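Okay, so chain A shows up in both of these, paired with chain B first and chain C after.
Moving on to the complex of A and B:
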């Protein structure tokens, strides 16, 4: 029953979207104007109803629904029943549709844009929606009814049973799918030749929102991967991770260009190009991941027939957009205000660097496919390739970041150049001293230097701004700098946690205390506990420093009855300077194997990202 | 600066970056690509000592030995050739005898690998698509994986 309601909701959202298209082309009559807007609202409501129906089916463990049967179990905690809705391919595609129409609906309340521009944007968004809705209905319908009667489901993959599942996918989709609206805005702006101040402001706000959501989603995912064993740490350069990084980088370039566009009219074409690129990369990523062409540690249900469908969607949407872009966008003959070093030239370099970095990541991601097709050999492209290709290319961008916000538009001068020079020299000396007293590694040196230069440069600019403008409107003047400080902090976290980490292998008896580095660890107890839907073997480890107790950590192993899978849960003790990351191994003669990793400053990675997201939201809210 | 000169400049800058990136890609794809073999393919490929490779296959029955704190020896097979592996670390939860496994590591001598990482994935039936087809042709491959 509930599956039927859900499916009808899905169909109706599709029908209303078709009615949006029809009423758009009959604009001469007054009635159609009303139908147009009501269809927008109704389509969003029907897809929401459909989505709620699926969630209800999951909550009630309605195993007559095939998706629920495949991915749920009645003994699961409520949180994972709800979050499990989008923990599988079908449900997550429905979430994709929901988000698309929510964007469409919210956008329809926009008051600043020209009416024709707004309606055309809604038309494009609805057309893309119809394509994706057909994809869902034909290849991944979440409302299929189970052909046999069953009273228990197969259960959700235990590794996915984590609170992060509740927010990570919706955040990511708010980013990915949101780029479709940006694409539609660009297409309609190009078609009507109305890329003006209002357009730029509106697009900037929407892009900032999507980009911030995507940033948050990726950061949350990387945090999840950090504490989930076997996912290769917080960033593994896994295909699934790369696929989210590419639209992120393109989106970052877009955000920067949009912020500059009011002073540089020439950038309009470039902006349109970038917004097409953003959504194309999103769909292309979906294709790579869902078709199963690439093997990833973050497994996704894959099916080649879906892959072909998505590939066709990708070709249609991207092809149409680029054709429109080539034939309709106006050539402008105004000059760029390009000087040796001013804001414009910094922006140009920033964009070039980002796009090329994006391409190298793309190439690395699809390289195994190319090689397999050409030579029938199988290869894997791992972290070393990406680290030594993408990072050096990004280097000039990182360097420019420290001073770019302080550069002027009109001339080559950097105000208070001397201060900057002194700051940079002292930061370099500091890095040399630090490397001297710890140990030298080339990545460590470059990382530290970059982060110090970025943070110090931005702080100096904030200081100069404050002496000039005072502390009123602090965020208005310094918003970009806050984001850049976030990047600096993130680089610091990445460098310290990857270069200065250390690991210890111990074998420990109960009540024994073993020293490692400056610390010692004691196994207080080890217990078996019964939980909702799993059994837990929990170790109580006490970490001491100089005979004083620092903290208790609980690495554990879980046995899930339904899927008969054992998972290892790490125990983490974090303080300001480092994480103690503990893993419980196997037992041998009453001795338990334990691995302890110390990751210095690793939490700065997510703190830095948080600053970027914060700055993104301030960017939307601040008054121009 | 005229418009055309500006364009030329932007194109030139882009080209410089592009060439750098292509050079980097070429250098790195020589150095950092890791080949993916089954044990018998590895023998055919004549690997050199210190080559880094990825191997997919099964953990042989009764081959897992613990030789120290978190140090293990085990054997990977595709039922044609054997490969001895040493690994220092916590083995993944799904690592079991007669299970599909992927290891990445350095070749230290003939038929002997020092693993840097061992993957045994989410799904207990997990096996990378790329070696699945390979193993299906193998007569010993009885288990029907979805």
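Moving on to the complex of A and C:
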């Protein structure tokens, strides 16, 4: 019953979207104007009803629904039953549709844009929606009825039962599905030749919102990987991570270009290009993940007919957008105000760097596919490729970040150049000293230097701004700088946690104390505990420094009865300076294998990201 | 000139899409990883029957007939999903020998499973330690193999079978 309501809601959202299209082309009659807007609201309401129906089916463990049967289990905690709704292909595609229409509906309340521009944008968004809705109905219907009568479901992957992972997909989708609206804004702006100040402001706000959400989503995913997978790492250059990173980078370039666009009119065409690129990369990513072409930790149940459907969608949407872009975008007669070093040139370098990085990652991600088609051999491209290509490419961009916000539009001068010079020299000296007293590694040196320069440069600019403008409207003047400090902090975290991390493999008896580095670890006890739906083998480790107890950590292994899966739960002790990350291994002659990683400053990564997201939201709220 | 530069992205997209289409149409499915065993001789094994400890079946007993080998266990949920399909196959191909290998399972659970859900297998062998599974390169349950009359492995599928896979891929091999 509830599945039926859900399916009807899905159908109605489609019908209302078609009615948006029809009423758009009959604008001369007054009635259609009303129908147009009511259809926008009603389509959003119907898809919400449909989504709620699916959530209810998951909450009630209604195994007569095939998606619920495949992906849920009655013994799951409530939170994960709900999160299970979007933890599978069908449900997540429904979430995709929900987000498209909610964006459409919220956008329809916009008061600043030209009416015709607004309506055309809604038309494009609804048309894209219809394509995706057809995809869901024909290849990924979440409301299929289960053909056999069962009283228990199959889905109980304990690894996925985690709060961070429950909100990771919705955030990610709010980001990259949202790019569809940016694409529609660009297409209608180009078609009507109305890319003006209002357009730029609206697009900038939407892009900032989507990009911030995407940033948060990616960060949550990596945080989950860090504490759940027990490999001590947090980014694996997994194909699915790459496909979320590509629209993120393109979105970053877009955000920067939009912020500059009010002063540099020539960028309009480039902005249109970037917004097409953003959503194209989003669909492309979806294609790679859902077609089952790539195997990764994120693999969904795959089906090549889905793949072909999305690939055709990708070709239609991207092809149409680019063709419109080629024939309709106007050439501007003004020249870019490019100087050796001014804001415009910094922006151009930033954009070039990001696009090249994006293409490099794209190449690495699809290279195995091309090779397999051509030579029938299976290869894999992993972290070494990405680390040695994408990172060096991004370096000049990072370097520019420290001073770019302080540069001028018109001339080559960097105001208070002396202060910057002194800051940079002292930061370089500091880095040399640190490397001297720890150990030298080329990546460590570059990473530290970059982060110090970015943070110090931005703080200096904030200081100069504050002496000039006072502390009123502090966020207005310094918002971009806060984001840049976030990047600096993130680089510091990445560098320290990867270059300066140490790994110890120990074999320890009960009540034995073993030294590692400046610390020691003692196995106090190891117990088997019976829990609701799993059995846990829990170690009680005590980490000491100079005979003083620092902390007790509990790495453990869990055995889930229903799914017969064993998971490792890491035990982490955090202090300001580093994480002690412990993993419990197996037993051998009463000796337990444990692994201890010390990850210095690793939490700065997520703190830096948080600053970026914060700055993204401030960017939307601040008055221009 | 300008238009040509602007159309570069379209060309890149087209080229990439062509590769992807070819890839999809070749159906390079990750559920069918290239098995080193494909077109190789059946590995040697000897299996005690689940129902009678005195009976054993060895790899020599399955030559001269087409054999379908299915690795399963009572604790494996996807195995339960594909289970009814073997009855269908059995009904359609009376001469087919279906060998079930119960892997890393207790005899009690396995017998209970086959009594409640029915037993479509001609012979059920016990592989308690999963050693026969290792010989076959089994990496997850269920896995299904087809062995031809010459004792060669001609097909392997990873994951639960579906009607479509049986129709499109397995039945042509059984003719």
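Everything that follows uses one rule, which is that the second predicted complex is superposed on the first by the 621 of 624 C-alpha atoms of A that agree within 3 Å, B and C clash if a C-alpha of one lies under 4 Å from a C-alpha of the other, contacts with A are read in each partner's own complex, and residues count from 1 in each chain.
Methods note: a contact is a pair of C-beta atoms (placed from the backbone, for glycine too) under 8 Å apart; a residue touches a chain by one contact, two chains touch by 3 or more.
Bear in mind that the values here come from a model prediction, so they are computed numbers and not experimental data.
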Partner chain in contact with A:476 - chain B first, chain C second, else both or neither: neither
Touched partner set for A:372, first chain B, second chain C, both or neither: both
First (chain B), second (chain C), both or neither touched by A:325: second
Touching partner for A:411 - first (chain B), second (chain C), both, neither: neither
Which superposed partner A:308 touches (first chain B, second chain C, both, neither): second
Touched partner set for A:349, first chain B, second chain C, both or neither: first
Chain B or chain C, by number of chain A residues touched: B
Contacts of A:393 with chain B and chain C, given as first, second, both or neither: first
Contact residues common to both interfaces of chain A (with chain B and with chain C): 292, 295, 299, 372, 378, 563-564
Sites on chain C touched by chain A in the complex: 2-3, 6-7, 9-10, 13, 16-17, 19-31, 34, 75-78, 81
Chain A to chain B touching residues, read off their complex: 157, 159, 229-230, 232, 292, 295, 297, 299, 333-336, 338, 348-349, 352-353, 356-357, 359-360, 363, 367, 372, 377-382, 384-385, 388-389, 392-393, 505-507, 557, 563-568, 583, 585-586, 588, 593, 595
Chain A-touching residues of chain B, taken from the complex the two chains share: 1-3, 6, 9-10, 13-14, 17-18, 20-21, 24-25, 28-29, 31-37, 54, 66, 69-71, 88-94, 104, 117, 119-124, 126, 128-131
Chain C partner contacts - residues on chain A that touch it in the complex: 154, 273, 277, 280, 287, 291-293, 295, 299, 302, 304, 307-308, 311, 314-315, 318-319, 322-323, 325-326, 329, 331, 366, 369-370, 372-373, 378, 563-564
